[in-house]
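These notes are about the structure you will find just below.
Chain lettering (A, B, C and D) follows the sequence in which the chains are written, and residue indices restart at 1 in each chain.
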């Protein structure tokens, strides 16, 4: 099991004042939590860069009247069956759907699957977020 | 109702060759679809910058053993009731959950809600994606 | 004058191990310096968001054989005389130049000047970096 | 020598209206030039991803009173002699300098050199931009 470790850092007083102001505005209750988040974000970026196992969520907007798109989306996800964990669908209006696909895998594989989906005709916009499987954070 | 319009662009032959190679690799079937996606992405970025109505998805990883976090997450979402459309929850392992919260609202409001959630103790990592409600794309 | 302040943060031991590994790879000599850089980066992002005074560097690649481009570049810079601090020019090959323009001003003004320059015909690619004037970091 | 090629794309009329509005605001004289810039940006991103030869500019702010920093900066640049093309220095105030270092090399090498410099004590903030050597754009 992992334990909490206390570490000290020294910062310029003016920088600290600025940082305190910003994190207060963002809603942080204390400095330690905010710095932990920065450290985690930095470590996750490294996982992505080094092509480690990550979790990815692909947010996309598409027109569900586009012929064959629904089948192609399902097919793409089934081809990568082990990678897709869940998908959520929201009806934005008569034409437009938002779908979020949650995937896991090596960061390069997740990126490739996202590229394939985003290149389908009728998918209007999309963005991929890569994060961590949570262990060791 | 909107109609398709054909527009011509002139490009350097070598740039076009490079572009064709990249979009083929990404999975695009034709140039027109790839350029449409670039144009859409550019227009969505403007919506975000100009604080228009957007759809946002917040991806976050958290430790569900963190005391009170579950209640705080629900409370934050209920406070912003009109903004939250849906949430999906995936169990990553014994400790870690991934949750995707789908919101809509002015881009500044969506950002503020995301900041509030990400600053909660126990939320380990998160990223916000802002996209469009689909109209006019 | 500002003084150094020592502050303590508590981190999970495994997260700390990961962080130490990453910062070692990036070349940091110690943890404190790496965390200071994360804190500074976070504070600078806030300056940009809040439209404070920033320093911006615009990197761009252009074809110097493009008729009238040289004059247009100089004109754009002179129009915004108070904002442009310096410009560096590198000859990449027979056709292509790289130019870096260093500007200061409110983040919205710096962005607008960069947009104007990047939209000129013959400017092939460009990216803007916004950073700080250094005070209080 | 490369030649101009004309290619047609079809877009939804409403998307086109939006796009025209945005590019007008950014300063573009016509649609073709704006789309060319999107296509170039997309192609450059691929060069970076595929670890091809790129040009990088590192913008950094540092405190020139930091002992030994000046020597370390010069040493880092000389160690990577073939990669550094030029450097520009601007005095921001009594303490703070802005320096822009222009490098070329494989994208991974340019990144590594930038990491090494940014991790030096006294370097307060920095950002790396990767762009192209201009050929084929």
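Going forward, contacts are C-beta pairs under 8 Å (C-beta built on N, C-alpha and C of every residue); 3 or more make two chains touch, one makes a residue touch a chain.
Predicted model only: the values in this text are computed from it and were never measured.
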**Request:** In contact with chain A and with chain C at once: which chains are those? Just list them.
**Result:** none
**Least step count from chain B to chain C, where 1 means the two chains touch** = 2
**Fill in**
To bring the C-alpha trace of chain A onto its twin chain D, one rotates it, in degrees rounded to the nearest 5, by 180
**Message:** Counting only Cα atoms for the centres, state how far chain B is from chain D in Å.
**Reply:** 25
**Request:** Determine the centre-to-centre distance between chain A and chain B, using the mean Cα coordinates as centres, and give it in whole Å.
**Result:** 9
**Request:** Check each residue of chain D and list the ones that touch at least two other chains.
**Result:** 34, 40, 137
**Asked** Should the pattern of chain-chain touching be classed as line, ring, star, complete or other?
**Response** ring
**Prompt:** Considering every pair of chains, which are in touch?
**Reply:** A-B, A-C, B-D, C-D
**Item:** Interfacial residue positions of chain C with respect to chain D in the complex
**Value:** 23, 26-29, 33-34, 37, 40-41, 44, 55, 57, 59-61, 63, 85-86, 88, 90, 92-93, 95-98, 100, 102, 115-116, 118-121, 123-127, 129, 131-135, 137
**Request:** Provide the residue numbers of chain D that touch chain B in the complex, in ascending order.
**Result:** 2-19, 22, 25, 31-32, 34-36, 38-40, 42-43, 46, 136-137
